[in-house]
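Next come two complexes built around subunit A: one with subunit B, the other with subunit C.
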Partner chain A sequence: MLSFIVSRAARAAITILLVVAFAFVVMRLSGDPALLILSVDAPPEAIEAFRKAWGLDRPIWEQFLTFATRALAGDFGRSMRDGRPALALVLERVPATLAITLPALALKLALGIPAGIFAALNRNSWADRAAMMASVAGFTMPSFVLALLLVLVFAVQLGWLPASGSDTPLHAVLPILTLGTAGAAIMARFTRSAMLEVLGQPYIRAASAKGLGWWLVVLRHALPNAAIPTVTIIGFMVGSLVAGAVIVESVFAWPGIGRLLVSSVANRDLAVVQSLLMVIAGWMVLANLAVDLAYGWLDPRVRTITSRAD
Partner chain B sequence: MAIQDSLGGAAVAAPARSGARRAGRLLLGLPPVVAVSVAWLALALVVAAGADLLAPYAYSALDLKARLSPPVFMGGGWAHPLGTDELGRDVLSRLIVSVRMSLLIALFGTMIAAGLGTVLGFLAAHFRGRVEALILVLIDFQAGMPFMIIALSVLAFFGNNLVLFIVLMGFHAWERYARIARGLTLAANEQGYAAAVRQLGATPLSVYGRHVLPNIASTLIVSMTLSFPEIVLLESGLSFLGLGVQPPLTSLGNMVGYGREYISRAPWIMLAPSVVIVMTTFSISMLGDWLRDRLDPTLK
Partner chain C sequence: MPPETPLLALEGLTVDFDAGGRVARAVDGVDLAVGRGDAVGLVGESGSGKSVTWLAALGLLPSRARVAGRARLDGEDLVAAPRRRLEAIRGRRIAMIFQDPASSLNPVHRIGRQVEEAIRLHRGADDGAARAEAMRLLDQVGIADPRRRLDDYPHQLSGGMNQRVMIAIALAGRPDLLIADEPTTALDATIQAQILRLLGDLRRATGMAMVLISHDLGVVSENVDRVCVMYAGRVVEEAPADALFAQPRHPYTQGLLAALPSLTGPRQRLAAIPGTVPEPWNLPAGCSFAPRCPAAAAECLRTRTPGLALTPEHAVTCTRVLALRGSVWDRRQVAA
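Showing the complex of A and B:
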């Protein structure tokens, strides 16, 4: 188990390092931020001074080393726009994003898991087909279309809920509904296929054959085993708590991480984008690591199989 | 059933009568939802292929006297069946051209990703050792970051042109193909047939291209039907944010993006492309599910 944990943690660390490198290289190769922040006709001395101040005049590997060592110390630089520490700027947006993504996650699980179990237990019934059609419709509908449809119905036509902004708790309802509905569709699908997989196993037949009631078979033997693959998708959803609302936040003018990303990418605010990438990646990697460990804990087979295959 | 039949017949439009009948029978043999999906996709492909002939107006032609005129079913005239936008551009014509743009991007994106991923998966399985470790790290990286975030940073920082955008879409989900190709190739290498053709003196290229690939193709194709609608959604999402396909070009997401500003006065501008996006991605997913049920023997 220890070597399993160590190998997973090492891979997580490598992934983080790659994200740092990716963020850095893409952004430095793509253009000269000095010319973007200052106008093109700024005096050359001013541009020179700007470059010196941000270390843009040094070779790129040196810039990267500086960046990486500072990043390890928790210093991601300052926003080029308003001069505040970039990491602080990013972190202060996290609560707003979580305020809509956490309730949305609860909605996904509360709707998706029962629907998936129900569909699997009634496989090929009309209810199963209807649930799966609804589920496909739910996750093939782009979040911005769903968001705009909800705005059209609840804000424009009925006038019950505000269309955008973040002043009252009511403003959070439509974003949460948008995120939750699509996620519940995915959750239902995964739960259904995990359940079907388990229900086809010999040990379920054995449990039925020895005379256990069907509900006991489902509760004691099917559900716990079906929970294992479902952990993956829940982990993925937890991983996207921070960055999973880019479009929804933009539609509803919600002041979270996603909107900050879009605006700082548009402004080419390098320090903020780098901090964002790091925070998002760090969170995703932690969530993935947690899933891997949970998997190893739930399913002893994984520990030995993965340490051999990978 | 009559509706399906006419839809199917119109969409397939085979030249020979018997061919049309056979195609019609084939469509009728499918589950209804799948048949409608196939018919819709065929219609979308026909529209995409004949966009220039089918569009009643040039997609950027202005008609300033008919700005924001509603579609027929909302009291508008037949001059603009789906209405016009704020500059008097014909929504139907823009929709037709947008369908072509969005499908082309998704098609190229899917093919690039499938090609790239499969080759990398083969390389990993063939060389093992360091090459495999490197590819696995890249897979982890790609899977560890939401692609939306990667795409967003690359696009905004490299500026935007269509070729770059399509290539970027080609990086979506390559890691899934790579994982599948690697895993199945490792399994195939343990089976008799790969070893047998190798013993017969086949080059690695022919082992993988002519023997392993056909054996794992069905899984890859199912994966492509999963990732195609994802690319449609990704493209339309980015275009919606104003970071994808740029005006004067148009795509489905781009139309929804500017239609959003007229949501209370002229909802048809955003509704028309929204319906097309949802129908298209829904159809491909239904088709993909059906294919997986047919192609994956473990589900039977």
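Showing the complex of A and C:
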């Protein structure tokens, strides 16, 4: 178990380092923050001074070494726009993002899993077909289209909910619905195929042959097995909780991580983008670790393999 | 022998599968009786309907299968029985074990839990009693150190051990009839012999009847009293095991036996039956074997052959059988 944790931690560190290094280089090659923040018309001396102040006049490898050394000491740089510590700027956006992504995740699971199970148990019935058609519609529709549709219906026509902003809890409803619907559609499809796979296994027929009622066969024998592949997609959804929702946050003017990402990339606010990617990648890596642990918990076969590896 | 209702009687059991527009007939009017304590073998090629027959009797087929005819358990028809009634019969009156023991056990539950589940279901035992009984059953099916095995998962046991566990689960309901569907096909030869011996011992000890489904004539010949041969969804010959192997009467059975290698005779090329099994959505109007049968007459192709009792125990669905002497396949070889 110890070697498992150590190797996972090392891989996590490498992943985060690669993500941040990639962003570091690409952001510096693809635009000049001095021009974007000071404007193109700024006097050359001012631009030169800005570059010197932020160390942008140094070679990229030297900039990266400086950044890495400071980061190891817990200093992730400051925003070029308002001079505040970049990491703090990022972290203060996390609650707003979680305020819509967490309920959306709950919606995805609460809607998608039962729908998928139901569709699988009633395979090829009209209910299955209807559920799967709704699901295809749900995840093929671009989220900005769905967002605008929801605004049109609930804000413009019915006037029940605000169209954008973040002043009251009601403002969160439409972003949550938009995110949740698409995710629920994916979840339903995934759960259905996992269930169908399991229902075709010999142990399901054997459990019926034992004399178990159908519902007990489903509850005790099918669901615990179908949960194993489903964990992968749930893990991915949990992993993207913090990354926020770039499009949905932009459409609904929701002050979360997604919008911060858009504006800081557009402004080449280098330290903020780096901190954002570090936080997003770090959370994703944690979610992946949780998925691996969940596999071991759900599937005794995985447990045996990991304990043998030690 | 006094006339009595058999334990289980299949009467004209027919199974159709809807296969995308065409109907595949997997079982085509099977009549078969299993008496109390009988050991009956069911042989035939893959796809001949051996397993489907019994899955249909127990209502274990998917909903796209249409089952007709009757399967009477002590007179009660199971084909028409509601789901709840079938659930009460499965495992308790009729238990079934399957071909692939490793995948017939749930991979995420411990062995003990799966055995105890059956015990609680059929005997309403509490946890402690169920565990003790599970241990006794594992011991009865020849699993060493049952206390430790209860906490193992199926993937930690060998195929033979898993089949023993399946048998223990089947015994939990003290069934009157055990359907063993190719129970040793996935196992290697020595384990196969052990499992078959175990099944025979258990049958004698408990007095339950057994249907042994196999494509392996050798497996069947040594372990049952009576054999039914199935071809293309129909029973073509039924006879006491020794009579069937000594004097097969249906041309198909004769062909099957002629295809077996001889252990004692000179080495020779194995005989194969020419042609192929008819497609299940296109069964012939007459005898299903007629298109491949060297002795077939014109009427064999036209009309369905009724069963013919040669002796009270030996029945065959072949109208030509009385006109034939010896194996139809010997004659053909001589002529060739």
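Just so it is clear, the second predicted complex is superposed on the first by the 281 of 310 C-alpha atoms of A that agree within 3 Å, B and C clash if a C-alpha of one lies under 4 Å from a C-alpha of the other, contacts with A are read in each partner's own complex, and residues count from 1 in each chain.
In the analysis below, contacts are C-beta pairs under 8 Å (C-beta built on N, C-alpha and C of every residue); 3 or more make two chains touch, one makes a residue touch a chain.
Everything numeric in this text was worked out from a predicted model, so none of it was measured.
Superposition of the two complexes onto subunit A shows subunit B and subunit C fitting side by side, with no clash. Once the two complexes are laid over each other on the shared chain, residue contacts for A:Val19 go to subunit B alone; subunit C is not touched.
The partner that reaches more residues of subunit A, of the two candidates subunit B and subunit C, is B. Touch criterion met: A:Gly211 reaches subunit C, while subunit B stays clear of it. Of the two partner chains placed by the overlay, only subunit B lies in contact with A:Asn288; subunit C stays clear of it. In the superposition on chain A, A:Gln201 makes contact with subunit C only, not with subunit B.
Contact with subunit C, but none with subunit B, is seen for A:Leu298 once the two complexes are overlaid on the shared chain.
Look at A:Pro224: by the touch rule set out above, it reaches subunit C but stays clear of subunit B. By the touch criterion defined above, A:Ile117 lies against neither subunit B nor subunit C after alignment on the C-alpha atoms of chain A. Of all C-alpha pairs spanning subunit B and subunit C in the superposed arrangement, the closest lie 11 Å apart.
For subunit A in complex with subunit C, the touching residues are 201-203, 205-214, 220-221, 224-225, 228, 298-301, 304. The touching residues of subunit C, when paired with subunit A in their complex, are 55, 58, 60, 83-84, 87-92, 95-96, 98-100, 103-110, 117-118, 121-122, 153, 155-156, 166, 169, 173. Remark: subunit A residues 11, 14-15, 18-19, 22-23, 26-27, 30-31, 133, 136-137, 140-145, 148-149, 151-152, 156, 240, 243-244, 246-247, 250-251, 261-262, 265-266, 268, 273, 277, 280-281, 284-285, 288, 310 touch subunit B in the complex. Looking at the complex, you find that subunit B touches subunit A at residues 33, 136-138, 140-141, 144-146, 148-150, 152-154, 156-159, 229, 233, 236-237, 240-241, 243, 253, 256-257, 260, 263-264, 267, 270, 274, 277-278, 281-282, 285-286, 289.
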